[in-house]
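Please find the structures below.
Look for chain A in each of the two complexes below; its partner is chain B in the first and chain C in the second.
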Partner chain A sequence: MLAAQLLLNALSLGAAYALVALGFVLVLNATTAVNFAHGESVVAGGFTAVALTFFLPPDLRIPGLILLPGVVVVTAVLGLAIGALAYLPIRNRPPVSVFVTTIAVGMIVANGLNATFGAAPRTAPPLIGVGTIDLIGVSISRQSLAIIATACVLIGGLAIVLQRTQLGRQFRACSQDPEMARAIGIRLTRITLLSFAVGTVFAGAAGLLLAHQFFISPADGAPLILKAYIAVVIGGWGSLRGAALGASLIAVFEVGVAAISSQPLAEGLLYVIVLVVLFLRPQGLFGEPQQVRA
Partner chain B sequence: MSRFLRQFIAIATAVGLLSTVGAQAEPLRVPVLVPITGFLSLEGTSQKNGAELALVGSDIAFSVVDTSTSPEIAVNAFERAVDAAGVVAVVAPMLGTQMLALLPIADEFGIPLITVSGTAKITELGSANVYRFFPGDAVVKTAQARYAVEERGVKRPAIISQTTAYGQSGRAELERNLTAIGASPVLQEALDISVKDMLPVLLKVQRSGADALLLHLHSGPTALIIRHARALGLDIPIIAGSAMHQPETAALLEPAELNGVCAESGSSPVSDDSEEMREFVDAYRRSFDREPDAFALGQYDGAKMILAALAAGAKTADEVRTHLQTASHAGLAMNYRSDGKGNMAHSAVIICYGAEDRVPQIVKRYENLTGTL
Partner chain C sequence: MNPRNSLMIFGGGGLAIYALFFASSYDQRLLTLSGIYVVLVLGYQFIFGHAGALSLAQGAFFGLGAYTSGILGSQYGAEFLVTFPLSVAATVTIAALVSIPVLRLQSHYFALATLALSQLLLLIAINWEPMTGGANGLSGVPPVRILGWQLARGLPLLSFVWIIAGLAMLVSYWQINTARKAAFTVMRETPLATAAFGIDSSMLRFRAFLLSAAFGGAAGALFVHTNRVVSPETLSFGVMITCLTMTVVGGRFGISGAVIGALLLTHLPEWFRGLQEYYLVAVGVLLLATVVFAPNGIEGLLRFGKSSPKPSAGTATDEKSDPADIGSSELIATHLSKRYGGVRALDDVNLRIQPGEIVGVIGPNGAGKTTLANILTGSATSDAGTVTLAGHDITHAPEYQIARLGLTRTFQTPQLPADLSVRDIIRIAQADRPAANTDAVLRNFNLLAVADMPCGTIAHGIRRQVEVCRAVAAEPGALVLDEPGAGLSPEEQGEIGALCRTLAENGLAILLIDHNVAFLKPLVTRMICMESGRIIADGTPEDVLADPRVQDAYFGVTTL
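Showing the complex of A and B:
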């Protein structure tokens, strides 16, 4: 029973991390540069949910899921702003320039949230409710189930858009060969900005999912971007399914391995895995060998 | 004498007089260097607010500089701050690693640092320039261990701490105190500040057969582990570290989750009904639109002791240091006096939460635990 509970916790944490990693890869594929403001986008999503509750009567306990459209709108605008301010003006310069501008934007977002909301951790409403339900003798947290379900819907939606729609084909064309995509009439700037918007929406949604069970504070961005980076290194630079797998692996180490060893040891072992992957398969589990690692 | 020379002498004299007047009017300064951003920003903001509330309206000039969480930023901020004339003391960051980096430079410049850092080591390095206005680990961990064992009958405690310098320092003190009174910990685990899921460590607590959970964590992880312990149905007493007494930590949890949780602290302003404390709490709420905690009150008392030193005639950093070394100060939280190493606070309280609200009650006071007063 405990194993089932640990598995469920790992799945729910992994689902939220997968959203973060997928958003990170979407921007990476569109720009070939790392968006270091991505961790702060997760935090911005969590705080958007917290802020939206200010507009509701204090006694009205609404499910956090109702806040998702608001989080999507705000973080989409944030993503467009990051793309327009931190990437487009310097897109022809070396990738390191984008590192610096996105780090700067991330710090502005984090410090802006700190100045607006204060430094204290905050909690958002639970997605559908608190408490547990019994399933075949296992106590399952409603919040964990809601996190997994919401992440599955969002990731499934993204997969459908990317594989089955004209817009998705444009996304993939731009990530595979931007110059050829431009030559056949795809508006590269528009797709790039859309990538920032969608990537940041995924980060923001992850912020909403994490904010109740795990709280959210303005300083949480740095550890989250590190997790996204590691997930992508393990899964494969630019690979969406690799990012989801890498994120799940991180959660398995944080929850499962930590339960049978200790948290510092589990973290150490995770980095050993990262090193092994880098030595044996530098392109990551699902990456392509010829890609350049930023 | 030519007309030009007379004009030059007149201007030079006027400039000289003006600069003399300027020098006489040069205010005494107490720079406030605190971590307002980064993982310790909650506690750092409390520290800033406490210092600010004490210094506003006095003749002291002060400016607030964010030291974030890196020792280099703290050192740079200190060097810039003491570059100005008239610095008699510095409100120094509560982050232990920053304090350890600042101590050699404070000794070099001869500037006393007043802080609320809990890290034990900062007052064990022989510096004459560190003054801690929050009970150090040696005090609060004694209170936490004694309350657990003597009042709650704990025999097999589990200790969960942070992997930071703060966490390691508190864990060592807690283990030493528990072992000394015959309740050796059955489990000790350290967690990184970024750990989200507390289920793994709580399952280990459950398996260890621990009869109490003693925490020494920062604010967010403290609330997180309590929430997850309640969700798991872990039915053993939880006696937390100072972070639990902060109103912002309690605000993260529902009263039902808080019910029965206790914590050590230097003080608990919102629990104290004395008239002076109510005035402090009201002034703090008016100024900062938030609830004060023990870090704010400790730094307030520390800054007030600097003002008391100046009122007693101190005009330089050396004279302020002498006052801090030798004088007693009746603060709002407690009476302060240096133990010769710069530990000014020697008392602690234990607070416990009920099921109705998020305002804790003081259930036990431990006065003068070091015998210094």
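Showing the complex of A and C:
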């Protein structure tokens, strides 16, 4: 009973983390750069939902899922802005530069939200409704189910686009060999910007999903980017499937350890494990050592 | 005196006069804080600026120093003279411990690992309440008291902090001397070739990381003794971002950059008071704009034109370097094997090159030629087999050590930092040959005319010669040249060829990898053909080129 509920909790958290990690890898593959503003993009998605609810009459109890298109639009614009301002002008510089510019964007977003909404945690409306439904004797939270379902639809949609469409093939071509992709007529800049938009939308959607049950505050960006990052280290640098898997493992670990001890201990242990993993396998858990030719 | 130095002196003097006569007590507090940040930023410049690694642990080092002083001062009543050195020691110890797993990581993973460390320390500070005071932190840290003399707030404290900042500047100046600055530049801009210069990059990075930690810990200790409380704020990511912003906006490399960045960013909230809570948004915009439009920060903008290259310190003498100075060593490889996944890159390769010999290696793409070069020079490790140089086993020696022992190499693409001059390059390569004469080497290679030009501005053909010159400047006994003729005109190839011949006559053992048979044939004393990681022919150029297996593998001609 309890185990089943814990597992469901872990799965819903994992589904949201998977969205964050997938968005992170999309940008990583398109640019080979780490988008450090990604954590703040999750926060921005959550606060977009909070803000949209604010404009609606308070007595109107709308399901949060209706807010998704609004969140998508806002975070897509944010993603385009990150790509256009923090990546494109310095794309030929060392990767450290993109780190710094995206840290700057994250700082702008986090402090802008902090100044507008205050530092206190906020909550977005539940996706479909509150309460639980009974399923073969196990009471299951509607919110958890809705999170898992929404994330599955988004991830499934991404998989179909990447595998089955011309656009998806262009995406993959750019991530494997940008120079070659450009040579065969793919508009690299356009694909790059699109990856920033889609990646950030995934982060924003995760923000909407997380913001009811787990609350959201402007300072949440750092732990979120760290988890996306760790998911990628576990799953192998640049692997979409690996990132989703890594994100789920992190969620299971967090929920599991928190259940038998405490949340801070779960988080602390996670960071210790990351340091140990990097010590034993500097190329990541499932990653292959990269060869650089001179 | 150059205008930049006089500007620094006038600026510093003006600042001192302002602090002494015009600053209100609030202004003095800001200046004190600036001095603390100068120490923090000077530390961060070692790892982020010179070593070029994005450490996200500088805020954590600050916090660690702050908590060490805070706990000792508040819980045990320890004095500054005790807490300050212990804070530095504690921070350096932690940095040394984590450096073992962290420093060998590639850039992305290095940033992640240092961020994870920071978050871990923050969690500990918040949750280990009995020791750290939890989320509230600890109050009652004693003020700075030295030999019974307590420093009052205001001018005394301000002066004290800036004296420490001045000492930090001296340490920074002493650590980043000309030679080491150049070594850092090579490591940052051509990481693959660092070891070929004989530079031990892991030692350099280790030094930079520990120095950044020491400065961070010192800044944290100062901060706590001036604020008299310690809280988790000191460990938060905010400190890291502040430090990063100061370093980027001020400048990553110089003392003036650290001072400008620290002063500017501590005073900016005053000047941007109208923005209220949105002030930090403006700082974010400033950081972003600086990286995009002024990558070297304000320090870079202040550089009046490009400082003209300094005349060489070593006076030009007319003597040519004595060819006998160049050592000579026999290079022997036995049973070398290497697999990459399922691919046999090298399969039981045996090789012997005697002093004065030029051995050419040909073979189709993927035959294992570059892998052979990498394993001989230590940039890759073999799965089996041994390499000896002049009788010494160098199979497991680190790459930079092999270069120092007298086996140097060139790369398919010349690896020369764009901003360093040709003379700089040669001087770095000669760093542990104090007797070496840079100008004589340059003259031997006919490179004196371009000696003071930055490598980024010289023609490709000359870059190749500089690269060979760099490899020879360290006075090696054996030389591995990886496609030195690629992309050169026949005339330029001729020059490189003549160069090789002279070097061999002077007793060097040379391994020359190239596709171009016409280039190799008249040059080499012996030729080797490789295919799929194996040596399939070894002998005089005529014999090897006539070998049917070679023709089959290399020219795709099937003999009937």
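Quick note on the criterion: the second predicted complex is superposed on the first by the 257 of 294 C-alpha atoms of A that agree within 3 Å, B and C clash if a C-alpha of one lies under 4 Å from a C-alpha of the other, contacts with A are read in each partner's own complex, and residues count from 1 in each chain.
The rule is simple: a residue touches a chain if its C-beta (ideal position, glycine included) is under 8 Å from a C-beta of that chain, and two chains touch if they have at least 3 such contacts.
It should be emphasised that the depicted structure is a prediction, and the values quoted were computed from it without experimental measurement.
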| item | value |
| --- | --- |
| A:Glu267 touches, of chain B and chain C: first, second, both or neither? | both |
| Which of chain B and chain C A:Val105 touches, first, second, both or neither | second |
| First (chain B), second (chain C), both or neither touched by A:Val34 | second |
| Partner chain(s) touched by A:Val96 [first = chain B, second = chain C, both, neither] | second |
| Chain A residues touched - chain C or chain B, whichever exceeds | C |
| Contacts of A:Tyr229 with chain B and chain C, given as first, second, both or neither | second |
| Touching partner for A:Ala119 - first (chain B), second (chain C), both, neither | first |
| First (chain B), second (chain C), both or neither touched by A:Leu13 | first |
| Intersection of the chain A residues that touch chain B with those that touch chain C | 111, 114, 223, 264, 267 |
| Of chain A, residues touching chain B in the complex | 2, 5-6, 9-10, 13, 110-111, 114, 118-123, 132, 141, 210, 213-215, 217-220, 223, 251, 254-256, 258-259, 262-264, 266-267 |
| Residues of chain C defined as touching chain A within the complex | 48, 52-54, 98, 100-102, 104-109, 111-113, 115-117, 119-120, 123-124, 126-127, 192-193, 237, 241, 244-245, 248, 276-278, 280-281, 283-285, 287-288, 291-292, 295, 340, 370, 411-413, 415 |
| Chain B to chain A touching residues, read off their complex | 36-39, 41-42, 44-45, 163, 189-197, 199-201, 203-204, 219-220, 223-224, 227, 231, 246, 248-249, 251-252, 290 |
| Partner chain C, residues of chain A touching it in the complex | 34, 85-86, 89-90, 93-97, 99-101, 103-108, 111-112, 114-115, 222-223, 226, 229-230, 233, 237, 264-265, 267-268, 271-272, 274-276, 278-279, 282, 284, 290-294 |
